[in-house]
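Some structures to go through are shown next.
Okay, so subunit A shows up in both of these, paired with subunit B first and subunit C after.
Let's look at the complex of A and B:
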């Protein structure tokens, strides 16, 4: 008769102690009721975060120069979204993991042409504006090289842009229709029409906020608000909530990786953090099969504290 | 609704949060308090005796 060696992390010895009745339904019910009452009471006393949504209308009224400068970056292709790559366009490498260009492999799933989607197409929806209509016609009929020259000339003087009497003003330059386009887009944004145009272009349902969010994120207004609320990536923002409310401390490990090199400065930081968390999740998932790690509870002996009376008796 | 707003205004939390910034540690007071409460609850769950333990022990 062969005897198998007892493996302490895998085998369980037969329990020969006493048994006690335990009403888990009763305990679960009590826990739900107590937690429910606590949630209601705390919500009544503390309220809840009620930060109003940030719209292009709000942005362009609060910071018209920032909006106009961002609109120009959409037109000249230098904004973050315009040069991001997949899934929006082919203008950048996209997220990649070392030699693995994962975003490029998935492809351009949400095609965004920054100049057309954020500037030209919304302006086309504006009625009864002959000057704008002529400017759009000039833009559409011009060669790509001419457009580039106009945008480049406007970009050169954009550093001296001012917002005067409700208009975006730049020093005179050979920029073709670009000054009219930027100024009218700013007017459109300040009335809220641009928010509507960017949403309504996505079909019957207006719940896809991809375009307005990308546009807003390309400016510096959103970042400045996020910084005040401690929500930037380098402020452990994933853990935080607006105001003085507690946030999501259980996300500390996700946001921790964004604080350390190379993820804190990498173009592909999101994908790198994703990969790290996948590996750690797999380690957790297969913990019972990993020698050494699975022995930690046995060696730490915390269970002997929880069941101390049982171990005191035996 | 008015009563709710009144009660919620007792402890207003919509102002900008305060943060603990000490060397590598960077955490809001609100999150820190929640974490401390969780740790206290965990330690209490370890150390406090089970309710009704003595009664069950007597029945054994």
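Let's look at the complex of A and C:
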């Protein structure tokens, strides 16, 4: 008996009722026309957002101190990129969930040396500047410990940094070539040359914006603009977009987990949220096979509203 | 060539198998069970209709390249059509998904239909996400720099670099749409093969419950 027993959450009853005419091609055509009209109306009335991308030139002109401070953080290794860990470098532990350190296991696949990639190498491309050339030579010939001393001495007084008459001014002593490097990189950025230098690493053609995006994201200017557009993580971040457009509301559950403890303050919050979403996705995928969960619709009985005509007629 | 030899051909066998599983009257039916009369069924069709519009508007954008829509009125309008067809697509798909949940649409050997629907939903999420990060504007700058941390944390960022606009654009316009369209086709074929799930039989459920209780006692 148990082998033939009807399982209401697994089996479907044999339908013995009537059939109605159904023109599937006509229905599909009407659907395309109706949805098409709806989409055209929405596009005409609301349009779509297209806030221009910010450039390093724009950033360094709007907030030169933030730019120079970020450049310093690339040199002294305190920026997010410089201390990220895999896949960019070995300078950070990365995120971990129990024994799972997935990023570290995969390793460094997109190598980023913040000091060289964002500061030193772009400055090398600057022509006809003997002072800069001498500063770069001094940097390159110095021992690592000497460089660290220079950068540390500059960093100590960086809080008193000013931007005066187009120059970054810091009352630093025994900072070696660092004041020249930071000031000249700021000059370079303000002309737009740094945007080009960060992109041209792979030759003439490129579609890879990894370096300029990492550098821009290390500063606080991008975040300040995002905050005004209600796009920070604690403002339901990624599911929003600029303006009052709906963005990606289908990511609400993913974004939700970033709003609650412990994920909202955890060092490994991203990995924890991913883990939760993977489990929930597997539950959704295997739902027809999970006793209890697959019985919910039968017990909730919303189906009696959906098929109300059927139940009324039978 | 003998008829036996023809019957043994792979092509002949595949045709017979396909025609047996999905005869023309199932693929393009002209009648349907009378219980298929609810507004909830509209959202499955609306999902397909908006998917067609998403692909059509995406193809127009592809004709002129990724920068066209930034500096052209027509391009920007086509982008708006693309955006809103995506919004309608997801709205319809989510309502369709919830509707199917509350109808227990996996019953009667329809588990694979449910599962392909879930995977199609995931593929669509990824397709939309890669669209957002390859817009080449402020939105894509911010969303990609934030999303990189989540993907990097899984180890996936080493191979799926959301800061690489070229890579994301290729995923958005080639790889993921291909996956989404193939999955959608499989999902629709399964729906046509298995038919629309019949309503719950309350009497059968009650009998089953009684049988179970009797067996327990």
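Here is the rule we go by: the second predicted complex is superposed on the first by the 307 of 314 C-alpha atoms of A that agree within 3 Å, B and C clash if a C-alpha of one lies under 4 Å from a C-alpha of the other, contacts with A are read in each partner's own complex, and residues count from 1 in each chain.
To be clear about the criterion, a contact is a pair of C-beta atoms (placed from the backbone, for glycine too) under 8 Å apart; a residue touches a chain by one contact, two chains touch by 3 or more.
This structure is a prediction, so every number in the text was calculated from the model and none was measured.
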In this superposition, the partner of subunit A with more touched residues, subunit B or subunit C, is C
Pick one for A:236: touches subunit B only (first), subunit C only (second), both, or neither. first
Looking at A:207 after the superposition, I want to know if it touches subunit B, subunit C, both of them or none. Which is it: first, second, both, neither? second
For A:20, decide between first (touching subunit B), second (touching subunit C), both and neither. both
Considering only the touch criterion stated at the top, classify A:246 as touching first (subunit B), second (subunit C), both, or neither. both
Determine, under the contact definition given at the top, whether A:40 touches first (subunit B), second (subunit C), both, or neither. second
After superposition on the shared chain, which partner residues are touched by A:50: those of subunit B (first), subunit C (second), both, or neither? both
Report for A:306: first if it touches subunit B alone, second if subunit C alone, otherwise both or neither. both
Starting from the residues of subunit A touching subunit B, keep only those that also touch subunit C in the other complex, and list them. 18, 20-21, 44, 46-51, 229, 241-242, 245-246, 249, 302, 306, 309
Give the list of subunit B residues in touch with subunit A in this complex. 4-5, 7-19, 26-31, 33-35, 46-47, 49, 53, 56, 59-60
For subunit A, which residues are in contact with subunit B within the complex? 18, 20-21, 44-51, 228-230, 235-236, 239-247, 249, 302, 305-306, 309
Residue numbers on subunit A that touch subunit C, as the complex places them: 1-2, 5-15, 17-25, 27-28, 31-32, 34-36, 38-40, 42-44, 46-54, 84, 86-87, 94-95, 102-103, 105-107, 109-110, 206-210, 213-214, 216-217, 222, 225-226, 229, 231, 233, 237-238, 241-242, 245-246, 248-251, 268, 270-271, 273-274, 281, 284-289, 294, 296-298, 300, 302-303, 306-311, 313
Which bits of subunit C are touching subunit A when the two form their complex? 28-38, 40, 42, 45-46, 48-50, 52-53, 69-70, 76-77, 79-85, 87-88, 90, 92, 94, 99, 101-104, 106-111, 114-115, 118-119, 122, 125, 128-129, 132, 135-147, 149-150, 152-155, 157-159, 161, 163-167, 169, 197-201, 204-205, 207-208, 211-212, 215
